[in-house]
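For reference, the structure is listed below as structure tokens.
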Amino acid sequence: MKSRIRFLKDLDPISLKDPILIQGLPGVGNVGKLGVSHMIQELKAIYFAELFSYTFPYHVLVNNDGILRLLRNEFWFSQLSKSGGKHDVIFITGDYQSQTPEGQFTIVNMILDLAEKYKVSQIYTLGGYATGSVSKNPRVFGTATSLSLIKQLKDEEIEINESGGPIVGASGLLIGLGKMRGIEGACLLGETSGFMADALSAKVVLEKLIKLVEIELDLGPLAIKAQNLTKLIDQMKQKQRHRPGTRRQESEEEKDDLSYIG
Amino acid sequence: MKSRIRFLKDLDPISLKDPILIQGLPGVGNVGKLGVSHMIQELKAIYFAELFSYTFPYHVLVNNDGILRLLRNEFWFSQLSKSGGKHDVIFITGDYQSQTPEGQFTIVNMILDLAEKYKVSQIYTLGGYATGSVSKNPRVFGTATSLSLIKQLKDEEIEINESGGPIVGASGLLIGLGKMRGIEGACLLGETSGFMADALSAKVVLEKLIKLVEIELDLGPLAIKAQNLTKLIDQMKQKQRHRPGTRRQESEEEKDDLSYIG
Amino acid sequence: MKSRIRFLKDLDPISLKDPILIQGLPGVGNVGKLGVSHMIQELKAIYFAELFSYTFPYHVLVNNDGILRLLRNEFWFSQLSKSGGKHDVIFITGDYQSQTPEGQFTIVNMILDLAEKYKVSQIYTLGGYATGSVSKNPRVFGTATSLSLIKQLKDEEIEINESGGPIVGASGLLIGLGKMRGIEGACLLGETSGFMADALSAKVVLEKLIKLVEIELDLGPLAIKAQNLTKLIDQMKQKQRHRPGTRRQESEEEKDDLSYIG
Amino acid sequence: MKSRIRFLKDLDPISLKDPILIQGLPGVGNVGKLGVSHMIQELKAIYFAELFSYTFPYHVLVNNDGILRLLRNEFWFSQLSKSGGKHDVIFITGDYQSQTPEGQFTIVNMILDLAEKYKVSQIYTLGGYATGSVSKNPRVFGTATSLSLIKQLKDEEIEINESGGPIVGASGLLIGLGKMRGIEGACLLGETSGFMADALSAKVVLEKLIKLVEIELDLGPLAIKAQNLTKLIDQMKQKQRHRPGTRRQESEEEKDDLSYIG
């Protein structure tokens, strides 16, 4: 049993002009997956390939129409160059990222094989940076594999990740292993509580990303999701404040611990 | 060391007419294994092959005659077409299903190799759906890999599995990976408490299955097992009700938590 | 990195007449290792090969002379046929048995390759059967892969293992996989508390084994170890009986729970 | 995906005269890594190769300049023979040692391939020996794979490791597997509490090592680190002594339990 990428009929190969790759998989605050899913939807990206792996857990999912399907990672593309964009884009998202070293290394290398096939010049990965508290103005942290990209991140007021800190999972590994193949990359992490699927964090990450890669994107729908989430959190805080015996100091309100929601 | 299927002497190959495959392995409520074992017994199926795997745990079992044997999955066949049936059937059951992704994917693919060898057109897998409470009228849930099969399930008043829900283990994986090889399939799950080997759940799953695949089957012996189990549960509830300090509301009686038995 | 067997210089191949294989590795009560180590010593067996495996844990041991060495399984032989014995014997013992399915299956298959090379006709594995209490007259349980061997076990008043019971580890697996290669075998398990290295259990297992395989063996040194252990246990019971508040019924004394010693 | 060693440009091969190999990886008290890192710095060793492995955990690190990089083991060399030294030296240190048998065996064998390529005659590995208490005069323990090396250790008043004791991790395995390839080696372990990165333990290990391998080395900077650590510990003890209700006996002061620091 091998992990493998299956291309959809008539979509192998596809024609892409100077493509970059943008990946967001399930993870901390689901920031990466929320961000990339939004891009796929807004940019009307086309589904062209899917990755199956024996390193995913041994369960399957049921679709809206009751159809059973295997866990997968998904590949989508958008020919933005046709409407004047600088790059075409390959998007990667999916149900799952592997929880074993062997699985992560295997899958990331398969993705890089595909990236090389399409001569991808840059890789951007999106993820969350858990702080344990809710912020109304989440920051964006970044790291990269070239000093020129680090400079670009700083120009966009992205905070550079602290030295020595680990970045766990596919968002770090794809960039690190990509460098080994001569593909430069950056990893953008949105500050998030880690307690919920965080649309606000996804929105601020996308705001930075689209400037870096010069893509036009409507962030409106994500902003609405973020506002709804903020309202929900405010309501929960309100209830908490009025429950006897749990009143907190006003100064603590800006950052607030919540159980995982979403 | 490889996993491998060993065919019994003079039973490789066997002659099967348009076979379907029905699998039930140990799992939630042991519903799948109970169901398939009952079919094997009632239909006088013939044992023709066994699967050994280095991904099973490293223990062995002792038979009734004191003989030691390896853990295995078992393949049986029934030439129902000879007595007017629509399909011949291959049954799969066994001692164990692997508890690792690598084991599950390896074994399911070996089973699919065998299914392809015999040109199996459809796969049905049986299992349990744990609810944590005992029901006197357990429901049957289903999912499939084609819309035509989904329609058949609905026609038999099988409830379609909720979107997004995971189906864990070989009963889901065999169907999902079978689809990748062009074999359509359905997975039927009987509602069960998850606390005991559930003959009643196995019976209601078989009632649905035999209509779907048009097999005649005496469910009497399974009904008797199910009645005995129901009596046992009623006796336990009775005792519990008369124990001081544990009396429950009448409304709670229909669904009742029990420790695992059987 | 592969697991491998290294033969000592000038000892590959060795000349063996109709050899049988006797294995005892660390395990429950250390019964198997104690028994086989005793045979190796008394029969002046010769060390001829060692097995190294990447599936053993990643530590090393220090010898009496301060020399560091890898964990290993050991192969010894005894040309008993030269002094009128029915069979020559290969003994297997070692530091460790693997704690993963992959490791167990890999190593057992390597041992069986060696067994086939020397045309081994029968395999006997020794181990312990934990009951949780100390018995002064430990029983010996057995199982085998042929009805003729089962009969021989019964003739020697070995209790046949209960149907359905699992036998965990190399002592079961070597017999089960040996059968697949056409080598018959039996597994003898000595009753033991499981709380200590049990020389008495090893002694009663050897008493049965040497009748089965017609080997002459001085059990004296093992009997002395067993007596010393029994004395130690009696002293501990004595102390326990005289400690206020822990007095037990006389009827409980024959079987007594102790913490693991030795 | 394979583990692999990547050589830096123009540094494959390098020219080394009768090299020995000295390894210190993260581990107990970080003694090995501290020691080898100090040697690399003081001897102005040159970085020439790095090992990447799919058996390391799936995270990446961020450098001082914000650049993301993969976890790695590092190879450095020092041409000490050019300034009259007896041997050139290859040093190995790194971010991590694998925590699985497969990873450890794979990586150690890759290191031994490199050692054979450069005809390394001896391997020394450094590590810590945890005692659970802080000692002002930590001892150095040793083991080796030849009696002549054991004699040299004794001549340097290194205590030989107790028989039967396990040595866990790469420091034992590299020596044990090196022996299998005909490379002799010794493992030196500095006594350490195990609660902190222990510069004092690293210093006493290096004092022994440089006599064994006849290398001149300034231990001053490490001595200063060790003194600072000792002062810190003394201050913590002082505070502890003056806290009411936690006063200890004077006799207990020499060896003192501390939480992990550094």
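The chains carry the letters A, B, C and D, assigned in the order they are written, with residues numbered from 1 in each.
The working rule: a residue touches a chain if its C-beta (ideal position, glycine included) is under 8 Å from a C-beta of that chain, and two chains touch if they have at least 3 such contacts.
Nothing here was measured: the structure is a model prediction, and the numbers come from that model.
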Where subunit C and subunit D overlap in contact partners, by chain label: none
Chain whose Cα centroid lies at the greatest distance from that of subunit B: D
Shared interface numbering between subunit C and subunit B [over half = same, under half = different]: different
Inter-chain centre distance, subunit B versus subunit D - centres from mean C-alpha coordinates, in Å: 55
Distance from subunit D to subunit A - Cα centre to Cα centre, in angstrom: 39
Numbers and ranges of subunit B residues touching at least 2 other chains: none
Chain contact graph, described as a line, ring, star, complete graph or other shape: ring
Pairwise chain contacts under the document criterion: A-B, A-D, B-C, C-D
For the subunit A and subunit B complex, residues of the former touching the latter: 1, 6, 52, 54-70
Subunit B residues touching subunit A - in the complex, by the definition given at the top: 98, 100-102, 104-106, 109, 142-147, 150, 153, 160-170, 172-173, 175-177, 179-180, 187
